[in-house]
C-alpha cells in the first residue's frame, strides 16, 4: 500500500469550496429572476429605501418628539432642548427626504416621470410630514395618558413612554400612518415592521386609529389595513382585527383594496386573544371578552364573552 | 407665455420645510403637556433611568453569571475567568448604582429627601442586589437543568443557555424580580421589557417563580404581577397567567394592587395557548391542556383539556 | 447627642459591596455546576459557537443571496455586484468554518477524534453548505413570489424581500435547515432562534418545508422538528404545528426523536391561531380555519372551521 | 524514568503565564509608587480629566465654530446651522464642565475646598469660556485670512480651514490658551498635546499669540510657555521659540515661572529651522532666515541670515 | 447684612451660560465672514470634500493595492483576493466620485457650468484615476524594494510595507500626485495632509518623484510643490526641498506658480536635516551631508558636507 | 449633423470605469511581484502581524500598567483595580500570543519548523514578556519622575503620564525593546512606529535606554538601533543619535549590524536639534548644546556648544 498521498487538511490550508463557481451560479439565479420579473440589468444605481436608514430616522423622530424621555441623556428644558430638537429634526427630515426620493424613483419605474417632478413631490411629502409632527405629538400624549389610566401597574406617565411596548407601537404607527397617507407606502410599511419586530405588535400603516389608544402587553396583536378604531379604545395581547378570508375569488386570487377589517367604535375594550374578522362594527362602549371569535357586528354597549365558560373536561379531577 | 417663474427644485436646493416653526410648535406641545402634568420647567438635569444603560448592565451581568457561555469568546477557567467576572461585575454594579440613583431621584419628586439619604439608599440597594447574585446563579442553574429535562430536542445544557429564549427570559426575570423586591420597580420593569422585546415573553417583575422553571418556545406568554409559580413548573407558548379583568369599579378605573393572578403549584404543566385568569390555584402536579380557558381553581393532579375534542366542522370533507 | 459618627455616603465614595467575596461565591457556584455536570476545569480554550458570529454570518449570506435588496446601498448589476457577492461570501464562509469547527469540537467531547479529522469534516460541511446556496436562492425566490401572490397588500416583490417578517423567517429557516441536514444542529438552532427573536416565528431547523411557502404576520407561529410541509402552503400568525404532548412515558420523561408533528400537504392554507397537533396529515388543498384545534388527519380538499360560529354570549346586547 | 512525558503545547492549551502572580506584582509596584507619592489608597473615584473626552469636546467646538467646514456633511445656512451649532455647543460645554470639575477636584487635593465652591468655580470657568467663543471665531478668521495671503499654494480660504495643519494647531491653541487663562491648565495642556500629536506643532497653552498668525508646514515647531507673539507673524516648520536653558540653579533644578521665551513683534517672519532662545525681542517687521540660531534681541526691520551662505565643502566637485 | 439668599450651585442645576446668546453671536461672526468673503447665504447644500471620506477612500485603495499586507486579515491568494480587491475598489471609486463632484462644484462657483458637464468631468477624472492604479502599484513596488535595499535594519519587504512611515508617505503621495494631475487639487492636498499628520512627512502633491524613492525615519521632511526628484533617490528625516523665500514682490505678496523648488537627479542621497532651497539642480549621484544648507546647484557626483566638521566649543572639556 | 446621440451622464448612471479590467491588471502586478520575490501563490492563510491588533494590545498594556491613569474612567483602588488589571492583561497577552505566532510563522518561511515547536516558542516568548511587566512598570515610574523633575512646566506626575508625548514614547519603547530582546522584532518595530506616528519620536526598539529617561517636546527625535543610553539622560526635540552614514561599502550597499550609534552615559543632557553620529561616547554628565553637530566622543563633564554663537548676518540692522 503506497497511497495516502493526500494529507489531511489543517486550519491554515486554503478552504476547499469553489468560490468562483458559486458566485457564477448565484449570478445565474439572479439573472433568471431578473429575466422573469423583467428587471433591466443596466438600470444603474439601486433605487430602494433602506430599513436601517428608516430605523435611524424613526429613532431621531422619537427623540425630537419626546426629547426628555427618548432623546439623549443630557439635555435640559429651554434652549438646550430646542437646539437638540431642531438639529435632530433637521437630520431626520433630510434623511427622510432621501428615502422618499428612493421610494418615488422605485415606484416610478413604468412611466418614468422627470427627475424634477419627482424631486418636487418628494419635498412636498416631507414638508407635509414635518408639518404634521406637532399634531402627532399631541395625539401621542393622549395615548400615553390613556395607557396610564388603563394599566393599574403603571406608576407614572414617564414609565409609559419609556417601558411600554404599546407606546413604541403607537409612536411607530402614527408616523407610519402619516407616511402612508402621503403616498409613501413602502416607507410606511418598513416603519410598521420595525415596531412589529421589537414588540410583536403588527399594525398595518393604513389602519385609522383615534386618540387615547392603548395596547397592553401586545405580543401577537394584528390590526389590518382598513381597520378603523375610535377614541379611547383599549386592546390586550393577541387581539386580531382581521379580514374574513375564507372566500376566494374565481381566479384563485384574494380580493384586494375594499374595506375588509373591523370598525371599532369609541370606548371599546377588546381582551386578550379575541379575534374580530371582517367589515363588522363593534358598537361604542362594547367589551369583547378574551378569546372571543367574532365575525358579525355588535351594537353599542355589548358585552361579549365566550359561550363555554366551564368548557373544560377534568379528566382525573374529583370535582372543583 | 411669461410664467414659469418658479423653477423646479433640485436636490441641492435647501429643503422647503420651516424648521424653526416646527420646533416652536413642538415646544408648545411639550409645554402644554408639562403644564397639564405639573412638570417644573426649571428642574435642571434629567433624572430618569436609561433603557440602553440597563441593556448593557444586564448583558454584563449575564457574562458575569455565565462567563464561559455568555461572556466573551476567549476566557478560560481559573484566574482568567475570575478576573473577567470581577471586572465585569465591577462595571455592571457601578453602572447599576447610577441607574438606581436616577430612579430614586425620579420617584423622590414630591417629597424630595436629601441627597445623602438617597445616596445611602441607592448603595444599600445595589449592595443587596450584588449579594444576591450567587444565589441567582444557582437558581438559574436549576432552570437550565429543567429545560434540558423538559425538551426532547435539547442536546446539551450549553445549548439551553445559548439558544433558548426561555432561558433569556428567566435570567432577565430573576434579575428584574430582585430589583423589584429592592424597590426599584422602574428598573425592574425596563429589564423585563428587554426580555419581552427579544423573546415575546412578558413576565411582570413582581411575579414569584420557583426553581427549575421552564418556558418552551415562549412567544406570547404573559405572566402577571401577582402570579405565584411553584417549583418545576413548565409553560409553553402563548400561555397567559392573567387577571380576570371584566369587573370594572364604579368610577370607571381598574382595581389596583390586590392579588389578582393565578397561583400555580409545583410540578404543573401548562400547554400552549392556555389562559388562566384570576386568583385561582392550579393544584400541584396538574396538567392544563392547550387552548384551555380556565377561570377557577383545580385540585392537585387535575388534567384539564378542552371539552370539544372534535369540535370542528368539515365543510366539504366526506369524512375523516 | 453624641452619635452620628458615620457620615452619609456621597457619590465619590467607594461602593460598599464586597466585590471579592461575590466573585468567590460565583466561582463556587460555577464549580458546583461543573462538578455536577462533570466538566473538566482544565479544558483550555472555550469551544462553543457564538450567537453574534452567526448573526453576522447570516447577515452576510443574506447580502450574498440578495445583493441588490439585502446588500449594502451602493452596489450595481454586473462586475460590482459579483465582486460584492464573492467577497461577502468569502468572509461568511470562512467565519462559518470557524463556527462549524467550534460545534464539532464541542460535540467531540466524549470520544475526542483527532484534530485533522475534525478539520476535514468541518471543511466538508462548509463546502456542501456553499454548494447548496444557489439552490437556496431559487427556493427563496419561489417563497417571495408566493408571498406576493398571497398578500393583497403587497405592491412589489421587492417589498416582500425587504419588509416581510415571513421572508426573514424563511431565509433563516432554509439556511438553518441546510446546516441541520449537514449535522451542525447547534448552529442551525442558533440561526433559527435569530429569526425567532426578530419575527416571533419559531421554526425548528429540522422541519422540512417545500417551495413557495408563505407566512403572513407570523407572530406566534411554531413549527416543530419533524413537521413536513408541502409546496405552496400558506400560514397565518399564531399557527402551531406541534406535537401532541399529553401522553407521558412511564418514567416521567417525554418521548424523543420519532415523527410527532403534522404533515401538511401541498396547497394547504392554515388561518391564524389554528393548532394542529400530532403526526396527522392535512390533505392537499385543505383549508384550516382560524383558531381551529385539530388533532386528527383530514382528507384532501377539506375545509375545517370552528363548530361554534356564533358561540359567544351577548350579555347586554338586545340582539344583533 | 527517561520520558518526554510533557507533550508540546497546542493552540488550544491554556497559556503558560501566571496571570495571578503578575497581577500581584503589578499591584506591589503600584503600591510602592503610591506610598512614595503619598497617594491615599482609599480615595474613592478617580478624579482626573480624560484625553478622549477632551478630544471629543474640541472636535465639537471646531464644528460649532466652523459649522460649514468642520461640522457634519449635511447642514445648511440658516435655521439648520443654528440648531446644529446650539446643540453641539450644548453637548461640548456640558462635557467640558465635567472635565473642569475633574481638574478642579484633582488640584484641590491638599486643601480640599467644599464641593459647592468647586462647583461654582467650575461653572464660572465654563461660562467665561463659552462667552469667549465668538471672539475666538473672529480671531481664527484673521488667522485663516493670514494663511491665505501667506501661502502661494492656497487656492481658497476653505482649503486653509480644511487642510492646513497650521490651522488645526492655532484653533487648538486659541482654545487651550483660553482654558489656561481661566486656570484649568491641565485641560489646556491636553488640548495642546492633541494638536501636537496630529500636526507636530507644539505650542504651550501659555503662549500669547496675536491675530493673523500663520504657521506653514509646521512639523517640529516649538513655542514656549512665556512666548509673546504679535500680529501678522508667520512661522515655518521646525522653528523653535524656546528658553535658553544652559544655566542651571545651584540646587540642580531648572528655574521656573519667569519670562524666559522670546517676544516676537508684529509682522515678523521666521523661516524654517530657525531657533530663537531666551527672553529676547525680535523687532517688528524683522525677517529671521532659515536655520538661524539667535539668542539675542534684534531691532525692528532686521533681516538675519546665516553667516555661512556657502559653508559647505565640495569633496569631489570640480567647482560649482 | 442678612443676604446670601442665593445658594451655591450643585451639579444638577442647569448650567449658567447663555446658550442662545452665544449661538447668536457666533452666527453674527459667521455672517460677517460670509459678507467679507462674498458667500451667498442661500446657496443650499454644502459643497465641499470631506477629510474623513478621503481617509476612508485612501485606506480602501491601500487595501486594493496591497491586499495581503494592507487589506483585512483573512483573505487569500486567488479568487478570494480578487473579489476583495474588486469590491473594495468599487466602494473606493464610487466614494471618490462623490468627492470629485464636491470639489468640482466647489471650484465651479464663479462661472457655474451646468450639472451634466460637471458630472461628465467627474466621471472622466475617476476613470483616469482608476486606470492609473495598476501602474501605481508597480511604482510603489519599486519604492518598497528601494527601502529594503536602503535600510540595513529591514528584514523583509513585508516589514517595509507594514511598518515604514516612508512607505505610507509615498503611497499617499503617488495617489495624491495622480489626483493633482487630474485637476482635483484640493482632494490631492487633503490626501497629502493625511500622510503628513501620521508620518510628519509633508510632500506637496505637485512634486514629481521618480521610481524607487525612499525616505527613512522621515519626521520633518518637506518637499515643495515644484520639486522634481529622479529615480533611486534617498532622503532622511528633516530634509527640506524648499523655495528660497527671501525675495518678496513689490506689492508685498509672495511670488506664485513658477518653478521654485529643487531638481534632484537620479541616485542622489540627502542626509538628515539638510536644507536645499530654490530652483537648483543636485546632479546625479550626489550625496548631500547632514544639516547642509544649500542654495545653489551642484554637479553630478558631488559630495557636500558641512564646512565646520569640528565646530563645537568644549567649554570645560580638557580636550577630546 | 443632427447628432448628440450620447446624452450626458447623470449621477444615477453606472460609473464608466472598467472595474473588471483594473482588477485583472492589479492581479498581474501582484503576480509579477510575487514571482520576483518568489512568493508561493498557494500558501494558504496570511501569516503576518497586524498593526491594528498591536495598537489595541499596547493600549491594553498601558491600562494594565497604569490602571488609574491610562485605564478606563471608573475603576478604583483595591479589588476593582486588580480585577481590571487581571482581565485586561489576560486579553492583551492572549492577543499578543496570536501576534507572536504570526511573526514566528512569517519568519519560519524558509526552514518551516513544525507547528508545535513554533507554538512552544510563541508561548515562551509571551510568558517571558508577561513576567517582565512589573519590572517595566518600575522603570517607567522612574521615567515619569525624571520628567517631573526635568520640566519646570509640569505640575504633577499625573500630568506627565497623561499629557507628555515623551511618556508615550518611552512606554512604547520599553515594551518594544522587551519584544525585540525576545526575538519578535517585527512586532517590536510596529510598536515603535505606533509611538513614532503619534509623537514624532522615532526610537528603534533595539536601543538600550537606562532608567529615569526623559524626552521633552520630542518631535523629530531619532534614536538608532545600537544606541546605548545611560541613566537620568534628558533629550529635547529633534535630537538625532544616529549612524555616521557617509562611508559606503565597495558593493554599494550599506554596512549592517555592527554597533554604529552613540553611547550616551549617565546624566547627559542633549539640547534641541543636536546631532550625534557614529559609535562615539558622550561622557557622563556632559551637556550637548542645541544644534550641535558631533561626530566624535567627548569626555565626562563636557559642555559642548556651537562655535558660532553670534554667527548670523544682520542685513539691514543698524547693529545689535
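Order as written gives the chain letters A, B, C, D, E and F; numbering starts at 1 within each chain.
Please note the rule applied: contacts are C-beta pairs under 8 Å (C-beta built on N, C-alpha and C of every residue); 3 or more make two chains touch, one makes a residue touch a chain.
The shown structure was predicted, so the numbers you read here are calculated from the model rather than taken from an experiment.
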{"item": "Number of hops, subunit B to subunit F, where each hop joins two touching chains", "value": "1"}
{"item": "Interface copy of D-F among A-C, B-F or C-E, judged by whether over half of the contact pairs recur", "value": "A-C"}
{"item": "Most widely separated chain from subunit A, with each centre as the mean of CA atoms", "value": "F"}
{"item": "Approximate Å spacing (C-alpha centroids) for the pair subunit E, subunit F", "value": "22"}
{"item": "For subunit A, residues contacting two or more additional chains", "value": "10-11, 14, 19-20, 23, 42, 44-45, 74-80, 82-83, 85-86, 89-90, 94, 200, 219-220, 238, 289, 303, 305-306, 308"}
{"item": "Footprint of subunit E on subunit F - complex, ascending", "value": "8-11, 15-20, 22-23, 25-30, 32-33, 37, 41-46, 48-51, 106, 185-186, 189-190, 193, 196-197, 200, 202, 204, 219-220, 222, 225, 238, 240, 242, 245-246, 253-257, 275, 277, 289, 292-299, 301-308"}
{"item": "Residues of subunit D defined as touching subunit B within the complex", "value": "14, 19-20, 23, 76-80, 83"}
{"item": "Of subunit B, residues touching subunit C in the complex", "value": "64-65, 67-69, 73-78, 81-82, 85-86, 89-90, 93-94, 97, 101, 116-117, 119-120, 123-124, 126-127, 130-131, 133-134, 137-138, 141, 149-153, 155-159, 162-165, 198-200, 217, 219-220, 237-238, 271-273, 287, 289-291, 303, 305-306, 308-320"}
{"item": "Subunit F contact footprint on subunit B (complex, rising order)", "value": "74-75, 79-80, 82-91, 94"}
